[in-house]
Amino acid sequence: MKKNLMVFIATAILCSVSAFSQESKPAQPAKHRVVFELNAPSPSGWDQLFNNIKNVQQIFAKDGVQIEVVFFGKGLPMLLNKNAEYAARLKEAADAGVNLAACQNSMRAQKVTTEDLFPFTSQVDSGVAELVRKQEAGWSYIKGGE
Amino acid sequence: MKKNLMVFIATAILCSVSAFSQESKPAQPAKHRVVFELNAPSPSGWDQLFNNIKNVQQIFAKDGVQIEVVFFGKGLPMLLNKNAEYAARLKEAADAGVNLAACQNSMRAQKVTTEDLFPFTSQVDSGVAELVRKQEAGWSYIKGGE
Amino acid sequence: MKKNLMVFIATAILCSVSAFSQESKPAQPAKHRVVFELNAPSPSGWDQLFNNIKNVQQIFAKDGVQIEVVFFGKGLPMLLNKNAEYAARLKEAADAGVNLAACQNSMRAQKVTTEDLFPFTSQVDSGVAELVRKQEAGWSYIKGGE
(Lines give C-alpha, C1' and ligand atoms only; values in the text may rest on other atoms or scores of the structure.)
Protein backbone atom coordinates (compact mmCIF):
# COMPACT_ATOMS: atom_id res chain seq x y z
CA MET A 1 0.00 0.00 0.00
CA LYS A 2 2.67 2.45 1.07
CA LYS A 3 4.79 1.31 -1.84
CA ASN A 4 1.93 1.94 -4.24
CA LEU A 5 1.51 5.40 -2.77
CA MET A 6 5.22 6.02 -3.26
CA VAL A 7 5.03 4.88 -6.87
CA PHE A 8 2.09 7.18 -7.34
CA ILE A 9 3.92 10.14 -5.77
CA ALA A 10 7.09 9.45 -7.71
CA THR A 11 5.16 9.16 -10.97
CA ALA A 12 3.31 12.37 -10.19
CA ILE A 13 6.58 14.15 -9.55
CA LEU A 14 8.09 12.68 -12.67
CA CYS A 15 5.14 13.93 -14.70
CA SER A 16 5.30 17.40 -13.16
CA VAL A 17 8.99 17.69 -13.83
CA SER A 18 8.51 16.37 -17.32
CA ALA A 19 5.57 18.72 -17.94
CA PHE A 20 7.65 21.59 -16.68
CA SER A 21 10.54 20.72 -18.98
CA GLN A 22 8.24 20.32 -21.96
CA GLU A 23 6.74 23.71 -21.31
CA SER A 24 10.10 25.43 -21.48
CA LYS A 25 11.61 23.10 -24.09
CA PRO A 26 9.14 22.27 -26.88
CA ALA A 27 9.96 19.28 -29.07
CA GLN A 28 13.26 19.95 -30.84
CA PRO A 29 13.00 23.61 -31.73
CA ALA A 30 15.92 25.45 -33.27
CA LYS A 31 18.41 26.07 -30.50
CA HIS A 32 18.29 29.81 -31.06
CA ARG A 33 15.11 31.79 -31.65
CA VAL A 34 15.13 35.50 -32.38
CA VAL A 35 12.29 37.93 -32.98
CA PHE A 36 13.17 41.28 -34.53
CA GLU A 37 10.93 44.33 -34.26
CA LEU A 38 10.89 46.55 -37.33
CA ASN A 39 9.08 49.71 -36.37
CA ALA A 40 11.64 52.12 -37.79
CA PRO A 41 11.20 54.50 -40.72
CA SER A 42 13.15 54.01 -43.94
CA PRO A 43 15.99 53.79 -44.44
CA SER A 44 17.62 53.89 -41.00
CA GLY A 45 16.68 50.43 -39.78
CA TRP A 46 15.71 48.86 -43.07
CA ASP A 47 19.10 48.19 -44.63
CA GLN A 48 20.57 47.09 -41.33
CA LEU A 49 17.88 44.44 -40.92
CA PHE A 50 19.42 42.26 -43.61
CA ASN A 51 22.84 42.46 -42.02
CA ASN A 52 21.33 41.53 -38.67
CA ILE A 53 19.54 38.53 -40.14
CA LYS A 54 22.62 37.32 -42.02
CA ASN A 55 24.86 37.66 -38.98
CA VAL A 56 22.51 35.63 -36.85
CA GLN A 57 22.07 33.00 -39.57
CA GLN A 58 25.82 32.61 -40.01
CA ILE A 59 26.80 32.60 -36.36
CA PHE A 60 24.12 30.11 -35.37
CA ALA A 61 24.20 28.02 -38.56
CA LYS A 62 25.47 24.91 -36.79
CA ASP A 63 22.98 25.01 -33.90
CA GLY A 64 19.99 26.10 -35.94
CA VAL A 65 18.16 29.38 -35.59
CA GLN A 66 14.55 30.40 -36.10
CA ILE A 67 14.00 34.03 -37.06
CA GLU A 68 10.85 36.14 -37.19
CA VAL A 69 10.62 39.81 -38.08
CA VAL A 70 7.53 41.70 -36.96
CA PHE A 71 6.76 44.76 -39.07
CA PHE A 72 4.52 47.50 -37.70
CA GLY A 73 4.19 51.27 -37.59
CA LYS A 74 6.71 52.85 -39.92
CA GLY A 75 8.26 49.44 -40.54
CA LEU A 76 5.15 48.01 -42.24
CA PRO A 77 5.67 49.85 -45.58
CA MET A 78 8.80 47.75 -46.10
CA LEU A 79 6.53 44.80 -46.91
CA LEU A 80 4.48 46.58 -49.61
CA ASN A 81 4.87 44.74 -52.91
CA LYS A 82 5.38 48.03 -54.76
CA ASN A 83 8.57 48.40 -52.72
CA ALA A 84 10.90 47.09 -55.43
CA GLU A 85 14.10 48.17 -53.74
CA TYR A 86 13.76 45.60 -50.96
CA ALA A 87 11.92 42.84 -52.83
CA ALA A 88 14.92 40.63 -53.64
CA ARG A 89 16.44 40.81 -50.16
CA LEU A 90 13.13 40.16 -48.42
CA LYS A 91 12.40 37.23 -50.73
CA GLU A 92 15.83 35.78 -50.03
CA ALA A 93 15.19 36.00 -46.29
CA ALA A 94 11.76 34.39 -46.63
CA ASP A 95 13.21 31.60 -48.79
CA ALA A 96 15.76 30.96 -46.05
CA GLY A 97 12.92 30.41 -43.57
CA VAL A 98 12.67 33.84 -41.98
CA ASN A 99 9.06 34.59 -41.04
CA LEU A 100 8.19 38.12 -42.22
CA ALA A 101 5.07 39.05 -40.25
CA ALA A 102 2.93 42.11 -40.93
CA CYS A 103 0.91 43.58 -38.06
CA GLN A 104 -2.81 43.60 -38.90
CA ASN A 105 -3.44 46.57 -36.63
CA SER A 106 -0.91 48.61 -38.60
CA MET A 107 -2.42 47.28 -41.83
CA ARG A 108 -5.86 48.60 -40.86
CA ALA A 109 -4.43 51.95 -39.68
CA GLN A 110 -2.47 52.36 -42.91
CA LYS A 111 -5.21 50.92 -45.16
CA VAL A 112 -2.97 48.13 -46.35
CA THR A 113 -4.60 44.93 -47.61
CA THR A 114 -3.18 41.44 -48.02
CA GLU A 115 -3.00 42.10 -51.77
CA ASP A 116 -0.67 45.05 -51.14
CA LEU A 117 1.91 42.86 -49.40
CA PHE A 118 4.63 40.65 -50.84
CA PRO A 119 3.18 37.15 -51.26
CA PHE A 120 5.92 35.59 -49.14
CA THR A 121 4.84 37.45 -45.99
CA SER A 122 2.65 36.34 -43.09
CA GLN A 123 0.39 38.30 -40.73
CA VAL A 124 -0.08 38.62 -36.96
CA ASP A 125 -3.02 40.18 -35.13
CA SER A 126 -0.82 42.71 -33.34
CA GLY A 127 2.88 43.34 -33.74
CA VAL A 128 3.41 44.26 -30.10
CA ALA A 129 1.38 41.32 -28.79
CA GLU A 130 3.42 39.03 -31.06
CA LEU A 131 6.66 40.37 -29.56
CA VAL A 132 5.25 39.62 -26.11
CA ARG A 133 4.15 36.10 -27.06
CA LYS A 134 7.54 35.30 -28.55
CA GLN A 135 9.42 36.55 -25.47
CA GLU A 136 7.08 34.51 -23.28
CA ALA A 137 7.98 31.47 -25.38
CA GLY A 138 11.69 32.08 -24.75
CA TRP A 139 12.66 33.92 -27.92
CA SER A 140 15.29 36.67 -27.72
CA TYR A 141 14.01 40.11 -28.65
CA ILE A 142 15.98 42.57 -30.76
CA LYS A 143 14.53 45.94 -31.63
CA GLY A 144 15.73 46.88 -35.11
CA GLY A 145 16.65 50.41 -36.11
CA GLU A 146 19.06 52.80 -34.53
CA MET B 1 13.64 2.54 7.62
CA LYS B 2 14.28 2.55 3.90
CA LYS B 3 10.63 3.40 3.34
CA ASN B 4 10.86 6.36 5.67
CA LEU B 5 13.93 7.53 3.85
CA MET B 6 12.03 7.30 0.60
CA VAL B 7 9.13 9.28 2.00
CA PHE B 8 11.61 11.87 3.20
CA ILE B 9 13.31 12.07 -0.20
CA ALA B 10 10.03 12.21 -2.07
CA THR B 11 8.73 14.94 0.22
CA ALA B 12 11.95 16.86 -0.17
CA ILE B 13 11.70 16.62 -3.93
CA LEU B 14 8.06 17.61 -3.84
CA CYS B 15 8.95 20.68 -1.78
CA SER B 16 11.83 21.64 -4.06
CA VAL B 17 9.71 21.34 -7.16
CA SER B 18 6.93 23.28 -5.47
CA ALA B 19 9.36 25.96 -4.25
CA PHE B 20 10.76 26.20 -7.73
CA SER B 21 7.32 26.62 -9.28
CA GLN B 22 6.34 29.21 -6.74
CA GLU B 23 9.48 31.19 -7.45
CA SER B 24 8.75 31.41 -11.14
CA LYS B 25 4.97 31.61 -10.80
CA PRO B 26 3.91 34.02 -8.04
CA ALA B 27 0.35 33.73 -6.76
CA GLN B 28 -2.00 34.23 -9.70
CA PRO B 29 -0.41 37.07 -11.62
CA ALA B 30 -1.85 38.23 -14.91
CA LYS B 31 -0.84 35.69 -17.53
CA HIS B 32 0.89 38.33 -19.63
CA ARG B 33 3.13 41.05 -18.23
CA VAL B 34 4.66 43.74 -20.39
CA VAL B 35 6.98 46.60 -19.53
CA PHE B 36 7.34 49.39 -22.08
CA GLU B 37 10.27 51.78 -22.15
CA LEU B 38 9.44 55.33 -23.14
CA ASN B 39 12.70 57.11 -23.69
CA ALA B 40 11.80 58.69 -27.02
CA PRO B 41 11.34 62.37 -27.80
CA SER B 42 7.93 63.74 -28.75
CA PRO B 43 6.08 62.98 -30.83
CA SER B 44 7.67 59.95 -32.52
CA GLY B 45 7.05 57.37 -29.84
CA TRP B 46 4.43 59.18 -27.80
CA ASP B 47 1.35 58.71 -29.96
CA GLN B 48 2.27 55.15 -30.80
CA LEU B 49 2.41 54.24 -27.12
CA PHE B 50 -1.36 54.38 -26.77
CA ASN B 51 -1.85 52.13 -29.78
CA ASN B 52 0.66 49.69 -28.34
CA ILE B 53 -1.11 49.62 -24.98
CA LYS B 54 -4.56 49.19 -26.53
CA ASN B 55 -3.41 46.40 -28.80
CA VAL B 56 -1.92 44.47 -25.93
CA GLN B 57 -4.98 45.07 -23.75
CA GLN B 58 -7.35 43.84 -26.47
CA ILE B 59 -5.37 40.83 -27.59
CA PHE B 60 -4.73 39.59 -24.06
CA ALA B 61 -8.08 40.67 -22.56
CA LYS B 62 -9.21 37.10 -21.90
CA ASP B 63 -5.98 35.92 -20.25
CA GLY B 64 -5.28 39.09 -18.31
CA VAL B 65 -2.35 41.42 -18.85
CA GLN B 66 -0.37 43.67 -16.54
CA ILE B 67 1.25 46.69 -18.18
CA GLU B 68 3.85 49.12 -16.91
CA VAL B 69 5.37 52.01 -18.83
CA VAL B 70 8.69 53.38 -17.61
CA PHE B 71 9.30 57.00 -18.62
CA PHE B 72 12.82 58.41 -18.60
CA GLY B 73 15.14 60.65 -20.60
CA LYS B 74 13.18 62.40 -23.34
CA GLY B 75 10.13 60.32 -22.46
CA LEU B 76 9.72 61.80 -18.98
CA PRO B 77 8.21 65.13 -20.16
CA MET B 78 5.16 63.17 -21.35
CA LEU B 79 4.12 62.85 -17.71
CA LEU B 80 4.28 66.57 -16.88
CA ASN B 81 0.84 67.75 -15.79
CA LYS B 82 1.13 70.85 -17.97
CA ASN B 83 1.16 68.46 -20.91
CA ALA B 84 -2.56 68.84 -21.74
CA GLU B 85 -2.38 67.12 -25.10
CA TYR B 86 -1.73 63.71 -23.57
CA ALA B 87 -3.62 64.10 -20.27
CA ALA B 88 -6.84 62.33 -21.26
CA ARG B 89 -5.14 59.37 -22.92
CA LEU B 90 -2.69 58.88 -20.06
CA LYS B 91 -5.52 59.10 -17.51
CA GLU B 92 -7.50 56.53 -19.45
CA ALA B 93 -4.52 54.15 -19.42
CA ALA B 94 -3.95 54.67 -15.68
CA ASP B 95 -7.66 54.09 -14.98
CA ALA B 96 -7.41 50.82 -16.88
CA GLY B 97 -4.63 49.69 -14.54
CA VAL B 98 -1.54 50.63 -16.53
CA ASN B 99 1.29 51.67 -14.19
CA LEU B 100 2.83 54.90 -15.49
CA ALA B 101 6.20 55.11 -13.75
CA ALA B 102 8.48 58.17 -13.81
CA CYS B 103 12.23 57.64 -13.35
CA GLN B 104 13.48 59.58 -10.32
CA ASN B 105 16.96 59.89 -11.82
CA SER B 106 15.50 61.64 -14.84
CA MET B 107 13.32 63.75 -12.54
CA ARG B 108 16.39 65.02 -10.69
CA ALA B 109 18.32 65.62 -13.92
CA GLN B 110 15.39 67.53 -15.44
CA LYS B 111 14.42 69.30 -12.17
CA VAL B 112 10.99 67.72 -12.19
CA THR B 113 9.18 67.33 -8.85
CA THR B 114 6.30 65.09 -7.87
CA GLU B 115 4.01 68.14 -8.05
CA ASP B 116 4.92 68.59 -11.72
CA LEU B 117 3.64 65.14 -12.63
CA PHE B 118 0.12 63.93 -13.34
CA PRO B 119 -1.37 62.70 -10.06
CA PHE B 120 -2.14 59.26 -11.50
CA THR B 121 1.55 58.44 -12.07
CA SER B 122 3.99 56.45 -9.93
CA GLN B 123 7.77 56.67 -9.54
CA VAL B 124 10.72 54.28 -9.70
CA ASP B 125 14.27 54.90 -8.46
CA SER B 126 15.80 54.30 -11.90
CA GLY B 127 14.04 53.65 -15.19
CA VAL B 128 16.75 51.36 -16.51
CA ALA B 129 17.03 49.38 -13.27
CA GLU B 130 13.24 48.98 -13.30
CA LEU B 131 13.39 47.53 -16.83
CA VAL B 132 16.00 45.08 -15.59
CA ARG B 133 13.97 44.09 -12.52
CA LYS B 134 10.87 43.51 -14.61
CA GLN B 135 12.71 41.35 -17.12
CA GLU B 136 14.23 39.37 -14.26
CA ALA B 137 10.71 38.79 -12.97
CA GLY B 138 9.65 37.39 -16.33
CA TRP B 139 8.04 40.44 -17.92
CA SER B 140 8.38 40.99 -21.65
CA TYR B 141 10.26 44.13 -22.62
CA ILE B 142 9.21 46.41 -25.44
CA LYS B 143 11.18 49.53 -26.23
CA GLY B 144 8.74 52.20 -27.41
CA GLY B 145 9.55 54.68 -30.13
CA GLU B 146 10.77 54.07 -33.64
CA MET C 1 13.43 -4.93 -6.26
CA LYS C 2 10.61 -2.42 -6.18
CA LYS C 3 12.44 -0.44 -3.49
CA ASN C 4 15.57 -0.34 -5.62
CA LEU C 5 13.53 0.88 -8.53
CA MET C 6 12.08 3.59 -6.31
CA VAL C 7 15.51 4.66 -5.15
CA PHE C 8 16.61 4.76 -8.76
CA ILE C 9 13.60 6.86 -9.79
CA ALA C 10 13.95 9.19 -6.84
CA THR C 11 17.67 9.66 -7.51
CA ALA C 12 16.97 10.26 -11.18
CA ILE C 13 14.39 12.90 -10.27
CA LEU C 14 16.72 14.48 -7.78
CA CYS C 15 19.45 14.69 -10.41
CA SER C 16 17.11 16.13 -13.04
CA VAL C 17 15.85 18.78 -10.67
CA SER C 18 19.38 19.58 -9.60
CA ALA C 19 20.61 19.66 -13.20
CA PHE C 20 17.73 21.94 -14.07
CA SER C 21 18.52 24.34 -11.25
CA GLN C 22 22.18 24.40 -12.14
CA GLU C 23 21.37 25.15 -15.73
CA SER C 24 19.38 28.23 -14.83
CA LYS C 25 21.60 29.29 -11.93
CA PRO C 26 25.31 29.04 -12.82
CA ALA C 27 27.80 29.12 -9.95
CA GLN C 28 27.46 32.43 -8.13
CA PRO C 29 27.12 34.96 -10.93
CA ALA C 30 26.31 38.59 -10.17
CA LYS C 31 22.66 38.67 -9.21
CA HIS C 32 21.85 41.14 -11.97
CA ARG C 33 23.17 40.92 -15.51
CA VAL C 34 22.43 43.54 -18.13
CA VAL C 35 23.45 43.77 -21.76
CA PHE C 36 23.06 47.14 -23.47
CA GLU C 37 22.88 47.55 -27.24
CA LEU C 38 24.55 50.67 -28.58
CA ASN C 39 23.56 50.96 -32.20
CA ALA C 40 22.61 54.62 -32.10
CA PRO C 41 24.32 57.52 -33.85
CA SER C 42 26.11 60.21 -31.87
CA PRO C 43 25.19 61.95 -29.74
CA SER C 44 21.59 60.83 -29.03
CA GLY C 45 22.31 57.59 -27.26
CA TRP C 46 25.97 58.09 -26.45
CA ASP C 47 25.78 60.47 -23.52
CA GLN C 48 22.81 58.67 -22.03
CA LEU C 49 24.73 55.40 -21.97
CA PHE C 50 26.89 56.56 -19.07
CA ASN C 51 23.87 57.59 -17.05
CA ASN C 52 22.28 54.23 -17.72
CA ILE C 53 25.38 52.38 -16.60
CA LYS C 54 25.80 54.46 -13.45
CA ASN C 55 22.16 54.07 -12.48
CA VAL C 56 22.32 50.32 -12.80
CA GLN C 57 25.63 50.16 -10.91
CA GLN C 58 24.29 52.25 -8.03
CA ILE C 59 20.90 50.61 -7.71
CA PHE C 60 22.30 47.08 -7.82
CA ALA C 61 25.55 47.79 -5.93
CA LYS C 62 24.60 45.61 -2.97
CA ASP C 63 23.48 42.58 -5.01
CA GLY C 64 26.20 42.78 -7.63
CA VAL C 65 25.66 43.50 -11.30
CA GLN C 66 27.48 42.45 -14.45
CA ILE C 67 27.23 44.86 -17.38
CA GLU C 68 28.15 44.46 -21.04
CA VAL C 69 27.66 47.01 -23.79
CA VAL C 70 27.62 45.76 -27.36
CA PHE C 71 28.62 48.41 -29.92
CA PHE C 72 27.66 47.97 -33.56
CA GLY C 73 26.39 49.93 -36.56
CA LYS C 74 26.46 53.63 -35.77
CA GLY C 75 27.40 52.84 -32.18
CA LEU C 76 30.78 51.33 -33.09
CA PRO C 77 32.54 54.69 -33.75
CA MET C 78 32.16 55.48 -30.05
CA LEU C 79 34.97 52.99 -29.36
CA LEU C 80 37.49 54.52 -31.79
CA ASN C 81 40.57 55.62 -29.87
CA LYS C 82 40.64 58.94 -31.74
CA ASN C 83 37.32 59.68 -30.06
CA ALA C 84 38.79 61.80 -27.25
CA GLU C 85 35.48 63.17 -26.03
CA TYR C 86 34.34 59.82 -24.67
CA ALA C 87 37.71 58.32 -23.70
CA ALA C 88 37.65 59.14 -19.99
CA ARG C 89 34.08 58.01 -19.41
CA LEU C 90 34.56 54.78 -21.34
CA LYS C 91 37.79 54.03 -19.48
CA GLU C 92 36.05 54.64 -16.18
CA ALA C 93 33.31 52.18 -17.13
CA ALA C 94 35.84 49.56 -18.24
CA ASP C 95 37.82 50.02 -15.02
CA ALA C 96 34.62 49.39 -13.09
CA GLY C 97 34.24 46.04 -14.84
CA VAL C 98 31.89 46.96 -17.68
CA ASN C 99 32.63 44.86 -20.76
CA LEU C 100 32.75 47.16 -23.81
CA ALA C 101 32.38 44.83 -26.78
CA ALA C 102 32.90 45.87 -30.41
CA CYS C 103 31.09 43.90 -33.13
CA GLN C 104 33.59 42.40 -35.56
CA ASN C 105 31.03 42.43 -38.39
CA SER C 106 30.66 46.19 -37.98
CA MET C 107 34.44 46.51 -37.72
CA ARG C 108 34.87 44.82 -41.09
CA ALA C 109 32.08 46.87 -42.68
CA GLN C 110 33.53 50.11 -41.35
CA LYS C 111 37.18 49.12 -41.94
CA VAL C 112 38.00 49.41 -38.27
CA THR C 113 40.93 47.39 -36.93
CA THR C 114 41.81 46.37 -33.38
CA GLU C 115 44.46 49.10 -33.37
CA ASP C 116 41.77 51.72 -34.01
CA LEU C 117 39.90 50.81 -30.84
CA PHE C 118 40.48 51.86 -27.25
CA PRO C 119 42.77 49.26 -25.63
CA PHE C 120 40.28 48.57 -22.83
CA THR C 121 37.63 47.20 -25.24
CA SER C 122 36.80 43.63 -26.19
CA GLN C 123 35.34 42.13 -29.37
CA VAL C 124 32.46 39.81 -30.28
CA ASP C 125 31.91 38.01 -33.59
CA SER C 126 28.50 39.62 -34.11
CA GLY C 127 26.77 42.25 -32.01
CA VAL C 128 23.29 40.92 -32.68
CA ALA C 129 24.28 37.31 -32.04
CA GLU C 130 25.90 38.42 -28.77
CA LEU C 131 22.64 40.09 -27.69
CA VAL C 132 20.85 36.83 -28.41
CA ARG C 133 23.38 34.72 -26.51
CA LYS C 134 23.19 36.98 -23.49
CA GLN C 135 19.39 36.90 -23.42
CA GLU C 136 19.50 33.13 -23.73
CA ALA C 137 21.79 33.08 -20.70
CA GLY C 138 19.26 35.09 -18.69
CA TRP C 139 20.66 38.60 -19.07
CA SER C 140 18.25 41.54 -19.32
CA TYR C 141 18.38 43.42 -22.61
CA ILE C 142 18.23 47.19 -22.86
CA LYS C 143 18.45 48.90 -26.21
CA GLY C 144 20.29 52.18 -25.75
CA GLY C 145 19.41 55.35 -27.61
CA GLU C 146 16.11 57.10 -27.90
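Order of writing sets the labels: A, B and C. Residues in every chain begin at 1.
Everything below uses one rule, namely that contacts are C-beta pairs under 8 Å (C-beta built on N, C-alpha and C of every residue); 3 or more make two chains touch, one makes a residue touch a chain.
Everything quoted here is computed from the prediction, not taken from an experiment.
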| query | At the interface of subunit B with subunit C, does the proportion of residue numbers present on both copies reach over half, so same, or stay under half, so different? | reply | different
| note | Overlaying subunit A on subunit C by their Cα positions calls for a rotation, in degrees to the nearest 5, of 120
| task | Please report how many Å separate the Cα centroid of subunit B from that of subunit C, as a whole number. | result | 22
| Two or more partner chains touched - positions in subunit B | 3, 6, 10, 13, 17, 141, 143
| note | Note: in the complex, subunit A contacts subunit C through residues 3, 6-7, 10, 13-14, 17, 21, 32, 34, 48, 51-52, 55-56, 58-60, 140-143, 146
| remark: In the complex, the residues of subunit A that touch subunit B are 2-3, 6, 9-10, 13, 16-17, 20, 37, 39-41, 73-74, 105, 109, 125-129, 131-132, 135-136, 141, 143, 145
